[in-house]
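Two complexes, one shared chain (subunit A), two partners (subunit B, subunit C).
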Partner chain A sequence: MLDNIAILTAAPVFNVQLILDGIFIGAIFALAAYGLALVWGVMNVKNLAQGEFVIMGGYFAHVMAGWGIHPIIALIPAIVVMFLFGWGIYRLIIRWIIQHDMFTSLLATFGMALVIQQSLNLAFGPEIQTVDSGFEIRFILDGLVTVAEIKLVSFLLCVLLAGIVVVFMKRSRMGQAIRATAQDPRAARVMGIDTEKVYAFTFALNAAICGAAGVLISMIWVIQPFYGITHSIRSFVIVTAAGFGNLPGVIVSAFGLGLAEQYSGFVLGAEFQQATVVGLLVVVLVWRQLLLSRHRQVVQ
Partner chain B sequence: MLRQLLDCRTATAGAVALAITCAAPAQARVDGDTITLGSAISFTGKYSTNGVHAKNGYDLAVKQINEAGGVKVGGKSYKLKVVYYDDESTPARTAQLLERLINQDGVKFVLGPYSSATTKAAAPVTEKYKIPMVEAEGASRSLFNKGYKYLFAVLSTSEQYLASAIDLAAEMAKKNGRDPSSVKVALAFENDPFSLDVRAGVVEDMKKYGMKIVIDDKLPRDLSDMSATLTKAKALKPDLLVVSGHSKGAATVTRQVNEMKINVPMIAITHCEAAKIVSKFGDGANDILCATQWAETLTYSDDLFGTAADYDKLFKATYDGYKNVPYQSAQASAAVMVWKDAFERANSFDTDKVRDALAATDMKTFYGNIKFSEHGNNIAKPMVLRQIQKGKFNVVAPSKWASHEINYPRKAN
Partner chain C sequence: MNALPNEHRIHLAVLAFGLAAPFIFGAFTFQFTILWIMILFALTWDMMGGQMGYNSLGNIVFFGAGMYICAVVQVGLYYDVGLYTAPDSSISGASFTYQQYFTGLVLGLICAAIGCVLLAFVMSSFLFGLRGPYFAIGTLGIALSAGELMGAWEWVGAGSGIAMPVFPGGVEARSLMFYFIALGAAAATYWFVRWLYSTRYGLAINAIRDDEEKAEAMGVHTKRYKSITWSFSAFFLGISGGLFGNMTGFIEPLEVAFPTVTFGIFMVAMALLGGKGTIWGPVIGATLFHVIKEVTWTYLLGWQWVALGLLIVINVVFFQQGIMGWMQRKWPERFGIQVDASMRKGSERPSDRTSTP
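Let's look at the complex of A and B:
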């Protein structure tokens, strides 16, 4: 462990590699996490199938690549299809659990996650899949740091998608309705907002965002029917750290998580990457608790 | 089960007779001229792909043996038949199904399941009933240190998987005028019993040469990114990178080694074929060394299938959709051949006599030589290292079976 830190101080250039990789993957984490924050904040549904939506997006790109369609182009149909899928799931399942307590939504979405995993397994088999973007690899800093163009492209696409979502939430009628519903569903209903439609739209939007993240992940990493859970955990860590309805917070925590994973992988070894994610969750929860208790004292 | 019930019904006249025959499982192992082997293997779940490969291997050997005159015991010719159950890739289910095969179906001769995990669940059951099992798909060395007497495995055990890469690295160092002890090795192994066995074999052989470990990372079960490990490799410049983490490990390392232009002269991994790295990454997979149990280009041969290449041809002609014959199928076929050989040498269907005949097995097959140690693992067949050269798998080690020269050092694309 210490010798690994020694490498980083002796040859700081490797920090650049870790930071770049951390930021590139952090951007994709941010997408999925923002979707979760939306659903959690607006509907109070904790979607445990978040990672499975991501993996579905990946398999969509995989299928399209099989038909000779470039995965970047597959982004658009993936978003549309996943949006419709999300809408269907809302009508079929989420609608019935939205009024119930937390455990109902956890159980229902966990069940959904299992069904999606097994369906993907039946349809595509348990092998891992990847999609080739065909992009080049760039060298910087005397070839010591490599930047895969696909990572850069997906980073830019993440920024673009996030931008579109932000503008949509701020400017469009539906975006305003979503925010109004998040603040107070009863008041929103009184004002004539069809909250049922808002919920359906929010859930569908989340699925679409996850689908987009999945397409990008299939080009950078590997996908497999049972890989959703790690993406779900990451999303939960990020949203818990940032709080929902806090987009800048989500982005910062996502980058933080990406960096933490890279650095812990380098310094502690690959076996501690996942442990770092969960460890951070504990730290964040404790820290929040402390803040909260101090806040209470002030109120008293 | 249903079919067997119906068989019983047609075979017997009355309901009473039906009850008697069906309740007397001891008759079922050899009825008429048929020897029944039993196997609980994965048709669904995470091992389903390889489970089906193994079943195809079993079936092909059964068909071939039956067509070539069957198994000759006591001057009579018997046909082979296999009863299968789906263990859903779950070890607990494998154990249950073996109880069922033995107690209800009366099977006295067992073919192994797919994977080390399910074989580990199966072995205590066959041991309990003193039923011999020949398995072809469980390589974990923990199967062979429990003192099992009725377990025989035709494949090389997992700690042999990548050990030959160490010998090869030492050979290359000597060729370049360096001492093998100066070789720096980076290890990245998944934290599961199989991969850790592979690692143990590698580390043992490294000690022999006094090589140095510069990276020793454990990969997580749901690995999809190992760029941090590879960044370390870039900094520490090892001479050999050894990775084993099932298909995901193979795919991830192949993708990221190219993406990050990692310039390691030798990269040795497992599961190249299962991960389909050649079709996925094209030139990116070039010069990577892959461990394999068997290759169709090896010069092994026998009287039943002919050479390894003949087996390859026959298998592709029998089953659609195979571009390469997986070694999982080849070793499954070899396991059935071991049964035939043991029955004929035992000249009996007594399980203990057959067990002793199995223990004394010493045969040549298209899959390689088979001779069991007292622990039941095959000690006569080495693991083979193949290098991907221009998209083709060519055997480069051990040198006795090598068909091609190794490309060294590996060039980053």
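Let's look at the complex of A and C:
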């Protein structure tokens, strides 16, 4: 472990590699986390199946690649299909748990996650998959730092998608309706907004965003039926650290998480990468609690 | 409270069945042992989730911690643990005499229980400020990271785990012994929670569930109550963990010791299925869940996990009150709940389920 830190200080160029990878992967984390923040903020549902949606998107790209369709083109059908899937899930399950307490939504979506990951496992097997995008790998800084072109492309696609979603939320009528519902569902209903439709649309939009993130993940990283839970935890870490409704916060903490994972993977070893994510979750929650405890008096 | 009619007869019947089961259904002794452990799981989860309103997704931590503490004590009494768990160790297959084995087992189970209580106190010091869903997510994170961290700790065998001391007697005696320890542990848990909920302590934790701020304002030391309740459930979970590790004969961090997505979620699902916040609910839920699990495992090979996930979703979304809750609404008089005559005509349920005497 100390050796690895020594490498980083002796050859700062490795830091460039880690930072670049952290940013490229963090952008995708931000996408999925934004979806979670949306659902959490608008309908107060904590979706533990978030990561499974991401992995579903990844397998969609995998299937399309099997048919000879390039994964970047697969983005569009993946978004459409995942949107419809999210709408269906809303009609079937989520609709019934909005009124319940939040633990219900956690547990119900966890059961959903179980169903999705096991179905994927039955359909595709437990092997780790990746989708070949056909882009080249570039060497910069005297060949010490490698940058796969696909990572750059996926970063740009990520920014593009995020931009579309943000503009949609700000400008379109549906986006305005979603924000109004988030502020006060009852007032929104009085104003003639069909909140049921808004909820369904929000959940479907979240599934579509996750699906897009999954397609990108499948190109620059790996997918496997059981990797979903880690993605869910990542989204929770980011949203809890940033607070929902705070888009810049989500982006910053997503990049932070990406960097933290890359560094811990390098310094502590790859087997600690997952432990870092869950460890960070606990740290973020406790830190948040410390902030809150200043405002509250408890009988000790 | 929440009493079933003719409870004493039911107790006697269950106890008689429990004592006779391994001799009548000899082939299923292992399944019955698991069933008692499952009942213990559901009861300990219900202490937190049902009675105190703190829904933990990470109680499995104590199960795994108890398992590891018990194993380390059992091995450590006679050998060097680091050497024993080393992959190319010469003593990894070391045998234990009768006396060594039983001393180790008893001491190990005691240490597991005490160690888990201490762990619960340590964890409660920083986790109990979290409320509602944050508590659930935080405990889930703890459980997931515990498995990962144990998998990286060389001294206790890291990812390849620990081979437990081999039982010095025959196969039959072994399964019977573990069966009766599991039965004893489950029965002890049942009687303990039954007694606990009938005391002022039970009222205090129910007050925390119903409204923590008001309970605080009434002078209930909420933080103390919460830590102590958690350490109660940790006590029994630690024993069950040590027991399960010895029964399996092999400890591995992710699948056996910290199975967050299997046992860790099952205990929640079982308590909810039976009806949380009742005494019989977790028992009935655990039994039913275990039967469903075994049937799907046998007849739906490959699809069993999908079936279980669907069961959890349907249970949580459409049948949240659980079996006991449903029965209390259907026949409130049988549970000693006074129903206003005007209420009975108009609506179908008593106004507030928590106001049961």
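In the analysis below, the second predicted complex is superposed on the first by the 294 of 300 C-alpha atoms of A that agree within 3 Å, B and C clash if a C-alpha of one lies under 4 Å from a C-alpha of the other, contacts with A are read in each partner's own complex, and residues count from 1 in each chain.
Going forward, a residue touches a chain if its C-beta (ideal position, glycine included) is under 8 Å from a C-beta of that chain, and two chains touch if they have at least 3 such contacts.
Just so it is clear, the structure is predicted and the values come from calculations on it, not from any experiment.
S.K.: Regarding the shared-chain residue A:G125, is it in contact with subunit B (first), subunit C (second), both, or neither?
M.R.: In the superposition, A:G125 touches subunit B alone.
S.K.: Going by the contact rule set out at the top, does A:T104 touch subunit B (first), subunit C (second), both, or neither?
M.R.: A:T104: touches subunit C, not subunit B.
S.K.: Looking at A:F14 after the superposition, I want to know if it touches subunit B, subunit C, both of them or none. Which is it: first, second, both, neither?
M.R.: Only subunit B; A:F14 stays clear of subunit C.
S.K.: Looking at A:G265, would you say it contacts subunit B, subunit C, both, or neither? Reply first, second, both or neither.
M.R.: After superposition on chain A, A:G265 lies in contact with subunit B alone.
S.K.: Should A:I229 be classified as contacting the first partner (subunit B), the second (subunit C), both, or neither?
M.R.: Both partners.
S.K.: Looking at the overlay, does A:Q274 come into contact with subunit B only (first), subunit C only (second), both, or neither?
M.R.: After superposition on chain A, A:Q274 lies in contact with both partners, subunit B and subunit C.
S.K.: Who does A:D142 touch here: subunit B (first), subunit C (second), both, or neither?
M.R.: So A:D142 meets neither subunit B nor subunit C here.
S.K.: Which residues would you name on subunit A as touching subunit B in one complex and subunit C in the other?
M.R.: Overlap of subunit B and subunit C footprints on subunit A: residues 121, 229, 271, 274.
S.K.: Using the touch definition up top, name the residues of subunit C that touch subunit A in the complex.
M.R.: The contact residues of subunit C facing subunit A are 55, 57, 126-127, 129-130, 132-134, 136-138, 141-142, 144-145, 148-149, 151-152, 159, 216, 219-223, 261, 265, 268-269, 272, 302-303, 305-306, 308-313, 316-318, 320.
S.K.: Considering only the defined contacts, which subunit B positions touch subunit A in the complex?
M.R.: Touching subunit A from subunit B are residues 45-49, 188, 191, 216-220, 222-229, 231-232, 234-236, 247-248, 251-252, 255, 258-261, 274-276, 280-281.
S.K.: Considering only the defined contacts, which subunit A positions touch subunit B in the complex?
M.R.: 4, 7, 11, 14, 17-18, 21, 25, 121, 125-128, 130, 132, 137, 139, 143-144, 146, 148, 217, 221-224, 226-227, 229-230, 261-266, 269-271, 273-274
S.K.: Mind pulling up the subunit A residues that touch subunit C in the complex?
M.R.: 46, 93, 96-97, 100-108, 110-115, 118-119, 121-122, 229, 233, 236, 240, 271-272, 274-275, 278-279, 281-282, 285-286, 288-290, 292-293, 298-300
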